[in-house]
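In the two assemblies presented below, chain A is common to both, partnered first by chain B and then by chain C.
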Partner chain A sequence: MAKGKSNTATLKQRDHKTISKLVQLADDVARKALAGREPKLDIPTRTKSNTLWNKKRGILEMGSATAERELFNLNQAKQFMQTMLHASTIKDLVEAGKTASLRGVFYKAKHTVAGTRENTFDTQDESDPILEDLEVALGSLREELHIFAENRGAMVGNITVVDKGDEIDCRRMGSGGYAMPSIVEPDVIQFKKCEAKFVLHVEKGTVWNRFNEDRFWEKNNCVLTHGSGQPPRGCRRLLQRLNQELGLPIICLLDCDPWGHYIYSVIKQGSISLAFESTRLAIPEARFLGIRAKDYKECGLPEAVKIDLTENDVKRAKEILAYPWFEDNRAWQKEIQGLLNNGFKMEVESLIAKDISYVTEEYVPQRLKAKDWLD
Partner chain B sequence: MAKGKSNTATLKQRDHKTISKLVQLADDVARKALAGREPKLDIPTRTKSNTLWNKKRGILEMGSATAERELFNLNQAKQFMQTMLHASTIKDLVEAGKTASLRGVFYKAKHTVAGTRENTFDTQDESDPILEDLEVALGSLREELHIFAENRGAMVGNITVVDKGDEIDCRRMGSGGYAMPSIVEPDVIQFKKCEAKFVLHVEKGTVWNRFNEDRFWEKNNCVLTHGSGQPPRGCRRLLQRLNQELGLPIICLLDCDPWGHYIYSVIKQGSISLAFESTRLAIPEARFLGIRAKDYKECGLPEAVKIDLTENDVKRAKEILAYPWFEDNRAWQKEIQGLLNNGFKMEVESLIAKDISYVTEEYVPQRLKAKDWLD
Partner chain C sequence: MNAVVEAPVAEPKVETKVVKKREAARATAETMAARQRDISVSEFFAKNRHLLGFDNPRKALLTTVKEAVDNSLDACEEAGILPDITVVLEDLQPDRPASAKSSRYRVTVVDNGPGIVRKQVEHIFGRLLYGSKFHRLKMSRGQQGIGISAAGMYGLITTGKPMAIYTRPDARKPAHHIELAINTKTNRAEVTQDRETKEFPPARLRELSASTRRLAAEGTLLSAESHPTGTSVSIELDGKYQRGRGSVDEFLELTAIANPHARIAFVRPTRTTDEEEDTPLLKPRPAAPSPADAGPAAEPAPAAPAVTEDLGDLVVFPRAVNELPPETKEIQPHPKGIELGILLQMLKEAELEKPGGSLYHFLQEKFCRVSPASASGFCEKIGVTSRTKVADIDHAMAERLFKELQDSKLPPPPTDCLAPIGVQQMLKGMFKGVRAEFYAASSREAAIYRGRPFLIETAIAFGGELPADEPSRVIRFANRVPLLFQQSACSSFKAVTETNWRNYDLQHPRGALPIGPLVIMLHMASVWVPFTSESKEAIADYDEIRKEMKLALMECGRKLGTYLRKRLRMKRESERRDIFERYIGEITQAIHAINNTDAKKLYEALQAQAKKRTAIADLQLDEEGKALRDEDPADQEGVIIVETGAVSPAATPIEPAPTRAGGVRLKPDEGPALLDLEPQTRRAGARKARSGGRPSSKAGASPARPRADLSDIPGGKPTKAEAAALSVNAAQRSEEVPSKPVKPRLRLDPKTGKLAPADDGPRLF
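Showing the complex of A and B:
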């Protein structure tokens, strides 16, 4: 199979690059040590203060601040050792052509340091940030380091994808759908035939079921995805690839509450904690179709859809209102203010109170036709 | 397509049965009212005291106790009304040939009672138990009432399934897999060609990824499933159908901790809250392959795999030790006692500390060959 071969070739090329970066990192430490100088690493800083809003590109970016991680520093020696340990595990993984979970990598590195009672790692909470440090220090995606997270989300619609050489026709995936993997880089997933004109991304699997059952993707020629709430990296990356490589608009149907607005914000601009990944995750063109604060009146929704905002909701809404990318955006200022003025939130699932298929047969098609969405 | 037709036929037959049960329930209430008698319903009791351990069948069963739900009783009038409301929503769903989520059904029924300030339902916590009441009162599965929960879990392996007429070759599902739907009844999912000799069910998606990446299911001719932790009803039902209809042994690979033991217990015997469903969910033949308390020594596992038992773990382990189905079982008494004696738990993912693919290439194949499992 020509396809199989070319996958392997791509994989090897990417992996060689990762390995050479790892070797360079280690060589640098060794060189310093052998020269009698202190081994240290430069780790880019992943904090809010080092996160910049790039208005022109419409994404969050990591600034240029870095912090030194020194071996001869009581506060940093443990983290230095942890970083080197994980770098070594990753090299093993990449060389073996295998992947491991975040938890797996933690276990791989966890042990008692010989001759002491000190553990390399005590909990996974210590381990995950070190892996992110390595991502930014090496300039490699977690996926390129062969590390995956829990799989979440599913996909159906007018597209065929190739996943590790297997051709998956998302038009013929029944009620279950294709489970989106955690690693969706081009060497694993390729796009084949795609008639779809856009992607409808919904928040939850239960909403996705309604749209799939009503064969919305067939009637509206689209791809239908969900991310089980806050979409994981694999889901966000796949949406971005569908947007960038196939030019499909990403249209989000999320709850009318601060959580829904936050999910949209992360899909669109990226997040502070993963700002170094925005280039490969954020989708500045993503659109927010609903649920909108105006819908209660405009759609004549019944009282049943209202859920009172909690104090925490109000606090969160105000925080989101002040995000620089929403602050600049009059439509979004109005939207979030509308939510606060309403005093209640609304979930996509509540539209069932009007009719079982109101959301798939009227609400979404009408909004799409009217191009009535927030950018 | 003959296949499509026969699906529809099955669906209709099952749905007619459900509708006639719903009509009978309503007729009975109406008849009593018209005869000047008090409308009431008999609802089987879903409590621990009405749950029986059927040793011969190896499953938990619901006893015969029922409670009356009366309209003219201040404590029961609201629940009576809620039961009738949900019954009506379900009739609409079944007649429309559509399904709804638990949350959707809640929204469908939620409204302010005309002329009062009283809501039919305030939260979903009130709604879900009423749906379970209806399941037991009607003797119909939730799936037969056209209600689904969040989808969870994935499947790959040497089997082809037909899902709503779409043929899904689980041998060609790439790294993502087939996302298991919430409703997997025979009118939705049928089994076609299956070479697999057993099902390996693992706890988490991350472990499933390791087995899928190593193509364990291909090398060992099996089906590979996970349920994202405690498997949801859809996953349990699919496993039971694979066991009963295709005769495949269900072999579970779970963590060596009270949570892993509890998951196994639920897969095997059913749960107290869903005892009325055991006939359609429990798999008395399910086997527990590992992780075993003896593994630390037997497999020469490194110190890293140990996680100290918490006080709560010890409490839970002792509770599980006293379950009648474990109380009778010497091997399980020894196993749980072994966990308590160890004083630590072990996760499947920790086996990576020995080697990346130790679990897929050595641990599981060796145990399978030696038939070294707990029944």
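Showing the complex of A and C:
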């Protein structure tokens, strides 16, 4: 604490704002308590019902509904306490000018409740949503709260970035690529030099390895990224900045299954749980290159690549089919219907069945040339 | 074979042989007549002693004690004397090998009853089927007049020793000392010793052990002053003393519960049979304050409520109420309670008694509830006039009369012939003998079976030190006599298993006894208790009886249910408060860290809100249900609640705890209130503090706080998370909705899990 206070002088403008928001939150609770009123927090709800589809902007936005979090409610008492604990933890972080991972914050706030054997938090799964609650309640972004997630996803390509002052040439990243950090705001990462004409985002590291090994980004002059499945915030934010600031089209190569379609949907419109950040994360211009339901026939794939749709997949596909942002998109209706008609799904790797480099040398270049993608 | 069939004549010898054999083996009517003679009842029972409860040495010992104690209690009550009974068991072969299956004991039972006039002694003790109780319909313990003389006979058979009787029927005259043996052939006593003595009660009995000497010196054991009249019976017999179920100990324990007006002292034998399975209702008090230690200054315990005192070699069941049970009246049989043969017998006897008497008068005099109008009605119906003589009634007419009597609409027999133990008395008896936390009792109105009035009473004791996970214990009584055997054959057992205890928040496997820390007492009072056998061990299963038993049990069960639900609510409320309080410390610290708010003030403010809100929240919750009225279970009639500071592990003695009832909150030092209660007070409760509990050790229970950042926040308050249990919706008041058995939740010691109140939770009673 003492150390944190000595740092206060050097705090950035943004951090002052965060701290004053936290103090405000605490003041409000204390004021109510001392006045004999019930302490409550207003937490904007992060549910589907409170998510609005902004058709004009092509992104999901959070509605205005909030839920009260009460101390004197058996179901909410613990969460109330957890929220206050995290608020206090965050204030320490911001004042000290340090950042902590989600797991780090969990451990910092985790202890035994005085006089009991009960933990303040039992698992990180309890802690993470509380932090998101605080983000929306304070209206602060995660990086403003000095919290980051695990690094996930990688990038290579004809681009040079500056990360915390270090120049990173993404052309010379070997086989592993540049690990995309969790916080990629302009004050951390700046784009220095970019020759690439587009970004190819693939679903997983394994596929990304194939493209990197075949030097696809060199031959096609692009940036190659992956997000380890569902892309984390850092990855999505970086893609969004590449799109917004450098004007690079984002082309996605994802599996032909509901999960792949959902990843595309999140990249394009934003997610329900992070709807409040859609303006920073969603890329309405993102395009879906493949794998397409028609590819089984078009590419002449062997029988062995089929993976049967499970009951759950069918249910999920129908949900996606009904999303308002897919509802009046005829191409997408056709695509998802095609998946359901096929009755099987296909992974990007299935193209390897044809030839080891078929996907990098024929499939993607041909489709790009033909502009055969879904929007 | 074929040869015989084909040539029967050829072998006539065979035939004659057969005839001769038959003559030798078979008796003629004459020879049989020569052997036919009276079987003495004494002889019969000497051979069939199991019918009277002398099946084995252990039971023989018990039966002997039981018969003597029953007789003593009956005699005292009839004479209007508060019974003071001393039972002494002496082991006469203390040096026997450990392998011995039985030993020789001398059973002595001394009472302060009216004594027995000298000339009756032989009859009472020396003849079977001689008694005052068989011929009348009156509520009493003994019925057939078999008991004590059968015990004497058993002793005689097994040891050859006569019974020794000391009796003083007149306080101003010396006592008689008589020794007699029963002659099994003649069913008459043979007196071997007959003298007068000034020594009553026998002084020898005061010198048996250190405890007897001490109590005798204090004047509380067998003093001459307390026995101006009385009787002492000693029987030597082959027996076995072993504690546990069906023991002398249990019998006396239960007798004391059902007879709170009696004081019973029990001197145990010096040596017991090795294998002991002990299941006393009342565990020996761990730190029983010995009266000797208390010194002479200690008052002879008038202040403390009567609680059984176990000194090891001597147990004293004190008197808990000072009123005798109401005197019972003898009644004539009710017409509906007799059989044809009995009617014929009665007609014959009436003719002998009063030759020439009329049927009209016979009906009115020999039966109860037959008015002049109904008597003439009966005469008319069988076609005779009211002047028809008893002698003129033939068999066919008697049969018609019998039928008319059975079909008639006569009022039920009077019930003033029954003496219930009484709600207050049962509560005091249970309180004395069972260490529980909740006691309830109820007494039904009299009812009728087979034309005989009877009355059912029940009491229950719950919680406290009773074992929580075992089937509950049923203690059964008939006319205040404990029934120790054949439980499952008894009507009362069936009544208990058929009652739906789940309605009262107890676990209850189908067709079995409810599970839980529960003792159920059932008492049947009747002028004639229908036993299933002569050894009087189980009540016969009449529908009317079982129905009354179930109704009585339900009454007690409802009281228990109210209490349990109330306790549940308390627990839930304290648990809610607990959860809030647990988090308030953390929240206060967090807020203090953020904006530097005065932590202590904030903590207190939140704490105050938590207190207020748990009360409010609870009320709201109840209203959601069926508008639960805030009723105090102690307001019910026939209930005692012992408030336990800490009933945690089953073995801890109950803290000196305030009890309260009838809406009055009493302080622990008002202990004697229970004894002072008017007998007629219908309000049950009274409170009392039990002495002898260990001092509470709450101090030091507070766990160290793991975080000590802010020492000024009292955030390390010890919580009851461990003891907190369950949240069953206790708002269900309706008897029809069966509540789930209470299951422990959270981290909870499975032992205390049941329903033990939280360690130091708020007391809301």
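By our rule, the second predicted complex is superposed on the first by the 333 of 375 C-alpha atoms of A that agree within 3 Å, B and C clash if a C-alpha of one lies under 4 Å from a C-alpha of the other, contacts with A are read in each partner's own complex, and residues count from 1 in each chain.
In this text, a contact is a pair of C-beta atoms (placed from the backbone, for glycine too) under 8 Å apart; a residue touches a chain by one contact, two chains touch by 3 or more.
Note that the coordinates shown come from a computational prediction; the quantities given were computed from them, not determined experimentally.
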Quick check on the superposed pair: does A:Y107 touch chain B, chain C, both, or neither? Answer first, second, both or neither. first
With the two structures laid over each other on chain A, which partner does A:F148 touch: chain B (first), chain C (second), both, or neither? first
Touched partner set for A:S357, first chain B, second chain C, both or neither: first
When the two structures are overlaid on chain A, which partner does A:I272 contact: first (chain B), second (chain C), both, or neither? neither
Have a look at where A:M84 lands relative to chain B and chain C in the superposition and call it first, second, both or neither. second
Chain A contact check, chain B vs chain C, more residues touched by chain B
Classify the contacts of A:S182 with the two partner chains as first (chain B alone), second (chain C alone), both, or neither. first
Which partner does A:L34 reach: the first (chain B), the second (chain C), both, or neither? second
Look at A:V314 in the shared chain and tell me whether it touches chain B only, chain C only, both, or neither; answer first, second, both or neither. neither
Which superposed partner A:D92 touches (first chain B, second chain C, both, neither): both
In chain A, both chain B and chain C touch residues 92, 111-112
Tell me, which parts of chain C touch chain A in their complex? 576, 579-580, 582-587, 589-591, 593-595, 597, 601-602, 605-606, 608-610, 613, 617, 702-703, 705-707, 715-719, 721, 747
Under the stated contact criterion, what part of chain A meets chain C in this complex? 1, 22-23, 25-27, 29-30, 33-34, 36, 38-39, 71-72, 74, 77-78, 80-81, 84-85, 87-88, 91-92, 111-118, 120
Once bound in the complex, which stretches of chain B touch chain A? 92-93, 96, 98-104, 107-108, 110-112, 148-152, 154, 161-168, 172-183, 188-189, 204-210, 213-214, 228, 302-305, 347, 349-353, 356-357
